[in-house]
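Here the structure is laid out as structure tokens; the discussion comes afterwards.
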């Protein structure tokens, strides 16, 4: 088992430390782990994600769920944050997602345009900002350029940056795809090199070995892979996402492996709210039983 | 029947509330519903739209019609607003459309460039601004980027933003087209996620099911579809547009369904002014008979 | 007894609400009351204030006391905040005092120059800013001018503003002095009129009636006076300060009256730390016994 | 004996730490103490200071002396820095003094105007900036205001700030004068409250007790006084200046007391260069014998 | 043997001279030569570079290695600099790399986007900045444009600029490839023409003569080639990089030739840390035996 570093050991500026500590120790299990509820799928995939549980189409429902489930924070785009966060301001941390896109156009040169600023996040009382970086996309120049402004503003304003580090685009598809250990490991490192305080990754699939760069064509267990990803991220804390809804046992298994690797926590959206309210909370309880085993200072 | 939220429940800033309340309760039926007269077709389609009723080519004629018909507001591009709004300033709300384009070039990567600023709208005494967002267009990066500035300026200046959320471009054509329930539902949600206060949509056509993403390939009634769109928009109020001129009964039918779904109101242009003056007003009276049934606070 | 308004009823923007709620419900008694520890006397009076308890000269000692005493926040100038807050960032709210002065030059035209910005407060992860306004000073033009920038920045960044509203200067001396009901009541109102979210006042002394404006020359009880001050402040929450160290019973009495008047809470510095560590905490316990009787939502 | 804190314990940003560490561990005794050579007297007093040793009128002579004496840094105004530092750039740290004045006009409302910027210091490769703050001067509003910009720029650029904290002006003269323990103690604290990384003070004279504020009218030894000043400065490091040339033994005595109090070091100008070259270096050797006894990390 | 110019002869501004002198004479061998440890491979190639020595994935390990090996500086991207440099600030010079990219997308129109600013470097206390210029890339217009801002900022702030001058892209591939004497010589000259203070080149391979421009198709020894490159760079100092790990003898040979050519020094990353800690230091000792033979003023 790899150990997660204490908050004091991460080289954080005072404002970033103040905000991250609030997220990690004044909310959720208050033990240094994190469970976030992302709710940007309405933009990223459209309302089709809400048919499994139509109530989840309503941001007010999801905010209530986030509070009842005692999440460490909820992730919103600017539009929903402007209209729905006031009711919960100060009660649950807001992570303002600063970029996003629809999934209608093709993904070969994926880029997620910026909709909001770090200053918007400050104004709304958010405790962190989120940015999607499409690692390996042919659009990386534009991506890095728009990210740079956000990193610099976040540094200036003491705002933690959570990078959704997603391998994407034609080039990564020809090098083993977006879920390989190679791709996820590289993505986590890029986030760290570019100044993310927290990086969100999909769980790596080391069995995807075709066409990956050496030595990733060798055989690694899932635990070895996620261990490697957390090490590559070094002082950038790692969140593992749930992705599309899948079986609960599989999810719990991933969650355990992520936490054993020294991950910071979990960011599960569709696996949470694509079912009834009570079922959602029951699933969350299962995740918390795992997180409670992995406290840190 | 779905119920429209009261103005107080929408998470509006003080300036946005002040201006929207003026539009909704000092004009039109003064019952919280809206009937807008859009008049940007001269840019979007060219004067060909005016041949059915040549008088409608004259902005002064249309302004007079808007006043006589007791609309809640008239939508103009900057040029007409500069030259024709003075006469009616303070008498009828102005929605300044900030972007627009001709329909001469192809639409595959549609983008509507910005011609005016939120500050122009303030200067002119407008009560809202309008922006056309081509959801799903390959040009979405530029679109989101120019929209971002408008959203931020509107937030700073307390100006309501009405987004014309139009699915458009090659990618949506290959996924069921711009009028499918899938496309319109997604477009409404995107506007909401990105901070629109009001979204204008075309009435969804759930029968357009070929190639749409699941579960939109299933069978939905028009009422179910428009109900879904209004729910997806959540605290973003929904305007349904008339589109090309069609039979009055069909129009009234759509209007009823939109209002039953909890829509804010209607935005009808060509269906109004592509006929004689008295006929126009008679048609408008029919729309108001519907709106009067759907008051809110 | 006057009732304090709930946080939801104060007309706060989302960021101000988020930050105030954190201060009032995630710290201290978590019941909507506030107990702040001000520690700017080293600048305002010099180290002479620390001789009663030399340990209190050390900011690290005072930070530890603030945490052990479970205060709702600690008030620091920029220099001490930069060097001592990191250790407690996220554990106790910081109120960054943005202006201050020495008491060496004469006070007739008192003005407290600005040393730090609202953006500094954001950067440091502070939850509020403090500003001393010398109400009635001949320097009020400069005072209001520099305050205006701070108010506007705080509005833009969602940062609560606490105004130290102190009647001061030659003119107020000739009108009954800085502690009269007249002077304190006026000062509280000025803060409210100029946009303070919270106002800190000294407890009014209605017995100081010589030369005050009518009707303040009439007889009022201390309770009537503090009731009046809280009413004058309306939706601006009221903090009562302890001032120079005095007898504990007198302090508790003032505290009770302030809370019965609907005050938000207390801001006691010298009365706290001008004694030994354990004594300080015992005194604080006494204050909390009062605050616990005055919860609000 | 009071112990000086290690560099790691001072709450320094990365840039300030990098530059201070260079000054304290790559130059001079390389043991965490400092010996600075100030050379701004040509502006502050005029060339009359150079008659005792005419060679000292030449900046090149003084630079050579600073290097031969292995000082930790030399303090220059912008003009001499521009013309004389290139020859020694990288060999001896430069402290760029950002303000200064002549002593021709009266001192009652002393203010030292700014001549150069923190950015000038960066451009010249300086490792710290110096600012004279006239504590207690009636001009304190202007003083604090111009200082604020320098503090903020220095924070932004990671540049250590050394404040010459000098009680000055009519008000302090009527409260015991500029050299009293009261005045010097207050001045050190003001520098600390306003964000100085290092404060330069004159050695306090506790025997100057007339008209000082209590409890400074009591009897203190010089060691008690300098101990108190260093405590008041807390994490702001303390430099003691030599002032006018006086007997070497008296100087050594002050130096020992300052270092025993936990001071950072000494800043001696006239006592150094108002004698011949070899004598200067001999005197410096004596100072270093004291500094070598007070290492820190 | 070509002789390296003294620092005083390079036409450096005062700030650039101060910083370069610190790098060259206060660190490493302190003899005017340089040995840098680059650690940006996590971004440029991904974590695959760390499998040979997994400990090297940890920036703290590499920082310790840099200190133990007494390098003249360590090269980091902004993210690692923010989180890992504080611990060593002032102990080892930082070269902040301002641009970088992943190697996932194709290289035909290589461009390295900018992530950080010269002001970031100043803030962090860095002593130089690094910029990768892809000489000959079809993207050279964007490259030169973004470089121009960096050069100008560096000039304004006295910060030395180290240009990684790498021939790259489709055009150079068709003219003999990126390692030919032609390509490297041209790249070194471009850096010099555009204002680099130091240029990093790969060792030229004069045997790669196919399709190069005349007269590079003639026969040159490696020594002649590197001599030529250093001459082309004139007052821009030359660093030779190690590139992919290769045999130690070959590396030492290149190092000797580079220094004989008048090079400033070496920048070796993978050849250093892709082996165990003690082995790394032993290899470094071998490099230093070469550097110690080539002192300059």
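Chains here go by letter, A, B, C, D and E, matching the order in which they are written, and residues are numbered from 1 within each.
As a working rule, a contact is a pair of C-beta atoms (placed from the backbone, for glycine too) under 8 Å apart; a residue touches a chain by one contact, two chains touch by 3 or more.
Note that the coordinates shown come from a computational prediction; the quantities given were computed from them, not determined experimentally.
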Comparison of A-C and C-D (more C-beta pairs in contact): C-D
Identity of the chain that, by mean CA position, is farthest from subunit B: D
Selected pair, out of A-E, A-C or D-E, that shares over half of its residue contact pairs with A-B: A-E
Of all other chains, the one whose Cα centre sits farthest from subunit A: D
Centroid distance [mean C-alpha coordinates] between subunit D and subunit C, Å: 35
Interchain centroid distance [CA atoms averaged], subunit D/subunit E, Å: 40
Chain centre separation (subunit A, subunit D; CA means) in Å: 50
Shared interface positions of subunit D, touching two or more other chains: 13
Subunit A contact footprint on subunit B (complex, rising order): 10-12, 135-138, 140-141, 144-145, 147-148, 151-152, 155, 167, 169, 171-172, 175, 182, 185-186, 189-196, 213-216, 228, 231-232, 234-236
Partner subunit B, residues of subunit A touching it in the complex: 40, 42-43, 46-48, 50-51, 54, 57-60, 77-80, 82-84, 86-87, 100-102, 104-106, 111, 113-117, 120, 142
Subunit E-facing residues of subunit D, complex: 13-22, 25-26, 82, 85-86, 89-91, 94, 119, 122-125, 156-158
